[in-house]
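The structure under discussion appears below in the form of structure tokens.
So that you can tell them apart, the chains are marked A, B and C in the order they are listed, and the count of residues begins at 1 in each.
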Amino acid sequence: MKKDRPTVLYDVPGPRARRRNLLWTLLFLVALAAVVWWVVVSLADKNQLEWAKWAPFFTDARVWETYLLPALKNTVIAAALAMVIALPLGALLGIFRLSDHRWLRGAAGTVVEFFRAIPVLILMLFANAAYSEFTDISPDIRPMYAVVTGLVLYNASVLAEVVRAGILSLPSGQTDAAKAIGMRKGQTMSYVLLPQAVTAMLPALVSQLVVIVKDTALGGAMLGFSELLASVRPMSANYGANTIACFTVVAVIFVVLNFALTTFASWLEGRLRRGKKSTGAVVGAGAVEELATPGEHMGPADGTK
Amino acid sequence: MFDFLQGYNLLGAFWVTVQLTVYSAIGSLIWGTLLAAMRVSPVPLMRGFGTAYVNIVRNIPLTVIIVFTSLGLFQTLGVSLGADRFTTINFRLAILGLTAYTSAFVCEAVRSGINTVPLGQVEAARAIGLSFPQVLRIIVLPQAFRSVVGPLANVLIALTKNTTVAAAIGVAEAALLMREMIENEAQLILISTIFAFGFICLTLPTGLFLGWVAKKVAVKR
Amino acid sequence: MNVHRTGRTTVAVAAAVVLSFTSAGLASGASADVSRDHGEDEITVGIKYDQPGIGLKTPDGTYTGFDVDVATYIAKELGHEPGDIVWKEAKSADRETLLQRGDVDFIAASYSINDKRAEKVDFAGPYLLAHQDVLIRADDDSIKQPSDLNNKKLCSVTGSTSAQNVKDKIAPDAQLQEYGGYSECLTGLENGVIDAVTTDDSILAGYASQAEFKDKFKLGGFKMSNENYGIGVQKGSDLKAKINTALEKMVADGSWDAAVKKNFGPAGYQNEPAPKIGVIVQ
């Protein structure tokens, strides 16, 4: 239904409407072509389209082996680590937010609010400086620690909301049935609700992974973390400052990686929604952005809905 | 205790953050709505463009976009946005980059709002002979916006936090000042607390206020 | 599909992955190219990875540049074959920490000797006297002396002292753009948006020597400061004396001259004669 929806906004075009649409198409095409033409001509004018600047990416496998792939590996490791550490933390926070104890709800709510209100870059800068000042972590690994720490602090708070939404999305019959067979609160949570919630949350988790992957680039630009974006520096130093070409290739890799994740998330969502054996409860891929406006759960009283 | 703040323009840096946020918010509201209109328009080429734009931009790190405005648009294509000092140029480029990025999210929020408008309303509008732009402008968008104040508030708050990325091209906003202060002063915890507090002051009231507005204007169905 | 069990497995797997990653994966992940266990004959040297002519990681995984040549020579004199050298990236901000922690045996990474650094580490050398200079387009005749930089558009890397030096002392009306690396500056210089890139002449010469930039850029030759490049070693290390001996030998047998010619030659860089060990030009 979502797919057919836009067509409801206008009639099936008659001859006049078709002519008008054709006119719009042509105008838009001309505008687009003008922009593309301007970009291409300007780039060519500045010698940025010289084959020498782009050739390494196509003809020289060593560029990939030496710079891009190791950098991509660091991006993926940092993102995976952040997700894997943030998830249990987020689950814990999310469960606390559903607790029967007022103070626990309040405390978890405050933590969630705090880390969601602060830019992840500020968290990373803090972590980087704190590690260098208070710990003995080697400088070549420190940026990765800092990036992962910043991402974990932020994403645990976001995932807390996802987990909460996941648990609340389950039919109340599940809790009732657990109670009926004499399970305690903790048992209900760990044997009945959480396992199902994790499944329901999967699409949201995958799409949060996209956010995490994108945020690792901050570490490259501001902390000296050797991830994908930072690989532009040694690459362009070797090939006559072909920064435009390098940036374009890096951007394309990011898009391909994240697009794959996004597609996977929506496939997963569709599968779960159609699934017959589960409860059908699902926290969608779009949920992360729509969840809870900051400040919404400041008061300890509104812990449960 | 706060002696080390001497010589740093803390308020000035946060003022730049606020300006980046406000200008980019206005820009992305306009461009994002236009994109949403394209994505539901009867012209296939526009629909395709809108979809491609959103899918590409959402999947690129903002950092890449911001650096690209400086390196690609300014350094290579010579787009200086009518300014001739580096500080002004970088400020404007950052707004452009933030707008380009945030619009994709605004577009998706508005589009989800359009989907909440009941079919009957649209059909009624078409029945009385309104054209597509009229349907959109008079019937659909006003209702759509009222139902997406909440999601848009989240986009705005994300935008406020995202302005820190402008530090990557040297715009003198809060995160850049924080990095400079951490390097020069041995007051890490205090400095971080100040900046964290500053951002909480910006994001929390925005969230509370817009959350209240969202409830106020929500279309009762 | 049993939803119940899948969920629990997911959590269990997640927990296991956390443990294994945090214990081992993190350390090996980011520094895969650096061997952590010091073998008998191995020596670890800190260099720059992204400065052509000074220290550069090339696509085939080898390293080139003047600092690399000097470090290789020193390592040989200390009894290590080139194959036994473990190269490690030493970013400017990390150099003191790397030495203090003992992560590297010595550092050759365009490392200027100054009092603040000398409090934390010891310096052998100096082995090169560089000066702050500007790189300008070869066809640009408007910049003939440092004061011509007023009202010009300068570029340097974030947090560098060179840029601040120009703004404070030499050309107060210059505009300054800061980037994370010099490549970004060169893109602007090549496209005419930036008028001059400023940093040590050795670094600039390294860039200008690249084949891609042949005849495009030239050095200003302004000598706006004196930068005495030293070899950083741990405070109190006995390596300092040995490295000094090695450096003296390198100059005496002509290898030093050859390395300068090889790395900076194509840019028409007028190098200073080899500095005397222990003599720091203020």
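Keep in mind that, in the parts below, a contact is a pair of C-beta atoms (placed from the backbone, for glycine too) under 8 Å apart; a residue touches a chain by one contact, two chains touch by 3 or more.
For reference, the UniProt names are A, B = Glutamate ABC transporter permease; C = Glutamate-binding protein.
This structure is a prediction, so every number in the text was calculated from the model and none was measured.
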| item | value |
| --- | --- |
| Chains in simultaneous contact with chain A and chain B | C |
| Geometric centre: closest chain by C-alpha means | A |
| Centre-to-centre distance between chain B and chain A (centres being mean Cα positions), rounded to whole Å | 17 |
| Geometric centre distance via CA averages, chain C (Glutamate-binding protein)-chain A, whole Å | 35 |
| Whole-Å separation of chain centres (CA-atom averages), chain B against chain C (Glutamate-binding protein) | 38 |
| Residues within chain C (Glutamate-binding protein) bordering two or more other chains | 180, 184, 187, 191 |
| Shared-contact residues (touching 2 or more other chains) in chain B | 71, 76, 78, 168 |
| Chain A residues counted as touching two or more neighbouring chains | 46, 221, 243-244 |
| Chain C (Glutamate-binding protein) residues touching chain B - in the complex, by the definition given at the top | 153, 158-159, 175-180, 184, 187-188, 191, 193-194 |
| Chain A-facing residues of chain C (Glutamate-binding protein), complex | 1-8, 10-11, 14-15, 17-18, 21-22, 25-27, 29-34, 49-52, 56-61, 88-89, 91, 93-94, 97-98, 101, 103, 180-184, 186-187, 190-191, 207, 210-213 |
| Residue numbers on chain A that touch chain B, as the complex places them | 2, 5-6, 8-11, 13, 17, 21, 24-25, 28-29, 32, 39, 42-43, 46, 48, 113-114, 117-122, 125-126, 129-130, 133, 210, 213-218, 220-222, 229, 243-244, 247, 250-251, 254-255, 257-259, 262, 286, 289-291, 293-296, 298 |
| Footprint of chain A on chain B - complex, ascending | 39-47, 49, 55-56, 58-64, 67-68, 71-72, 76-78, 105, 108-109, 112, 114-115, 119, 122-123, 126, 131-132, 135-136, 140, 150-151, 153-155, 157-158, 161-165, 167-168, 174-175, 178-179, 182, 188, 192, 195-196, 199-200, 203-208, 210-211, 214 |
| Of chain A, residues touching chain C (Glutamate-binding protein) in the complex | 46-47, 52, 56, 60, 62-63, 65-67, 70, 73-74, 77, 80-81, 84-85, 87-88, 91, 132, 136, 138-141, 143-145, 148, 191-192, 194-199, 221, 224, 226, 232-234, 236-241, 243-244, 275, 277-279 |
